[in-house]
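In the part that follows, the structures are each spelled out as structure tokens.
You will see two complexes here that share chain A, one where it goes with chain B and one where it goes with chain C.
Here is the complex of A and B:
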């Protein structure tokens, strides 16, 4: 029986988490999808919970507010963080999709100028904005837990 | 062509959500930093009194309904895009679209009813709440 040809699995466990040579945008794509679905799951529950206020039921505040528990506060913080990323990355995607941030059509010769000089800076700028929002949310979260 | 139209609406909804959900997040989750639209700044932004004061204002009631519609369309259409990537059979695609439409319309109906009912309760039951809300919207918050 011929010997099985083995390939070196160079990426190891890292290969489970990413493609090794994927660009940043590929990770942003995964995170955009995960955050979008996460926010949606929360949103559907949020509509039901907050609609109860029409009948005078406030599950998140006052007496009998079980949604006030720390575990839900952590959940809310996760939703807030997901929003910060999804919103600013979403703006980037819309700008690219509408053609505002793709650069001039040039031959794709290395180093890819439009990627490096237009798309990458836009990505970084949006991530800085998301990080600022995230930092403000973190401050509020810790402030709330300490109270 | 129809899908292109839906996709365009999907992105437009994203921008609308950006504005309204951005405001919602700043009011609700950055409340202790901003104290924005909190008629009772001594209480948390999500406290019942603050919540009712916002419900008493027509601006918040209407913006909740718009955000609800835009969020449901954007989120459920996004979910449909993700699931459709699995190359489902046409019958399954149709069933999923119908299910998402029913869920979307149902929740939109519930949320819209709740927004107006809460507006009626807050504005009608206690004129004081409404006037505080009005004052805070006018920039006294």
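Here is the complex of A and C:
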């Protein structure tokens, strides 16, 4: 019998980036990856920019320096915001992925309670801490800029 | 809550169709299905097949959430057609598609072979050093109820693949072992009768293994049997890390308790009733 053609139904990038009827940990997963990639991109740019010193180019000093342009300030603020989320969510992930805060195996009785419920208070606590850190940092950032 | 049980409401089923002999890619066909309270998606599909289009195909068997055949994407979320009531997830429209992250063979039928191959490759059974005894065990192995509880939850898996379809990691990494096979690694690794831990951990800790999971938790959310594969996977990671740091407690597979007929009856267990057939 000839092989019938199939349809490749792999979701690909939309599978992790896309929305749907998902839970909050799924959105945290998406945001963790996006912020991680953002921070990585910043890190690479940071290395490039500071390396320019080797050629005597300083983009960040002096009156009206290139990196003082508003677009870079906004970018810096985005990096800070990404860091606030990534760091606190990362602490949760380290704990969870080491098997803490997910609970022991239990008898599944309907309606099922999964490890997601067990780690949820930790998740929410970390998000509150991230929000506080973000608020304090934002104040400092924009206030400092206005000074 | 749906008050009037007798009331019938029309629901538009937007069903993914794919006929490999004819279609280049899947298309969506809409059917109007009269739905009563309590009716499952599986019953809705039967209504379509019997009354509207007999060419629609899907997989099912037990129609009671036991065989694991009828996993589908229901309104964008994987679930069993037989234990999902239409009114629980749909008002006037319901989309029904094949489980994603697998090739589609026809209409609502995914090819689950890649999942089963990964599963089989991880030796999902009790492994004993003594191969002859494993094939033909001559006695019981000692295990306490507490030891049983360490893995009992993970034994309820019916291999329906809903977790695999929901996993965002599997969506981009076809080689990732996935929640079902990895949960079964944990199920056998903590079984005190088992001696296959080392081999399974090597596979689970490799490139497309357990550390590709970052706890999106979607597998546990969609699992229709409360297996909680995400929990099993995090415990498995812990095992691997402890092993790496040489901090894991070594445990030898438990010994055989006694051969058949050589044990003594626990007086608290009542004798079995007399045989009614073949006496």
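In this text, the second predicted complex is superposed on the first by the 106 of 147 C-alpha atoms of A that agree within 3 Å, B and C clash if a C-alpha of one lies under 4 Å from a C-alpha of the other, contacts with A are read in each partner's own complex, and residues count from 1 in each chain.
In this section, a residue touches a chain if its C-beta (ideal position, glycine included) is under 8 Å from a C-beta of that chain, and two chains touch if they have at least 3 such contacts.
All figures in this text were calculated on a predicted structure; none of them were measured in a lab.
When the two complexes are overlaid on their common chain A, residue A:21 makes contact with chain C while staying clear of chain B. In the superposed pair of complexes, A:97 makes contact with chain B and with chain C alike. Applying the stated contact rule after C-alpha superposition, one finds that A:47 touches chain B and leaves chain C untouched.
Looking at the shared chain after the overlay, A:106 reaches chain C, while chain B stays out of its contact range. When the two complexes are overlaid on their common chain A, residue A:80 makes contact with chain B while staying clear of chain C. Of the residues of chain A, those at positions 33, 97-98 touch chain B in one of the two structures and chain C in the other. Put simply, chain B touches chain A in their complex at residues 11, 14-15, 17-18, 21-22, 25, 29-33, 44, 46-48, 51, 55, 68, 71-72, 75-76, 78-79, 82, 103, 107, 110-111, 113-114, 117-118, 121.
Put simply, chain A touches chain C in their complex at residues 4-16, 20-23, 25-26, 28-30, 32-33, 93, 96-99, 102-110, 112-116.
Across the complex, chain C meets chain A through its residues 18, 20-21, 25-26, 75-77, 98-105, 110-111, 149-154, 156, 168-172, 174, 213-218, 220-221, 223, 225-228, 230-232, 234-235, 237-239, 241. By the touch criterion given at the top, residues 33, 36-37, 39-40, 43-44, 47-48, 50-56, 58, 60-62, 76, 80, 83, 87, 90-91, 94, 97-98, 136-137, 139-140, 143-144 of chain A touch chain B in their complex.
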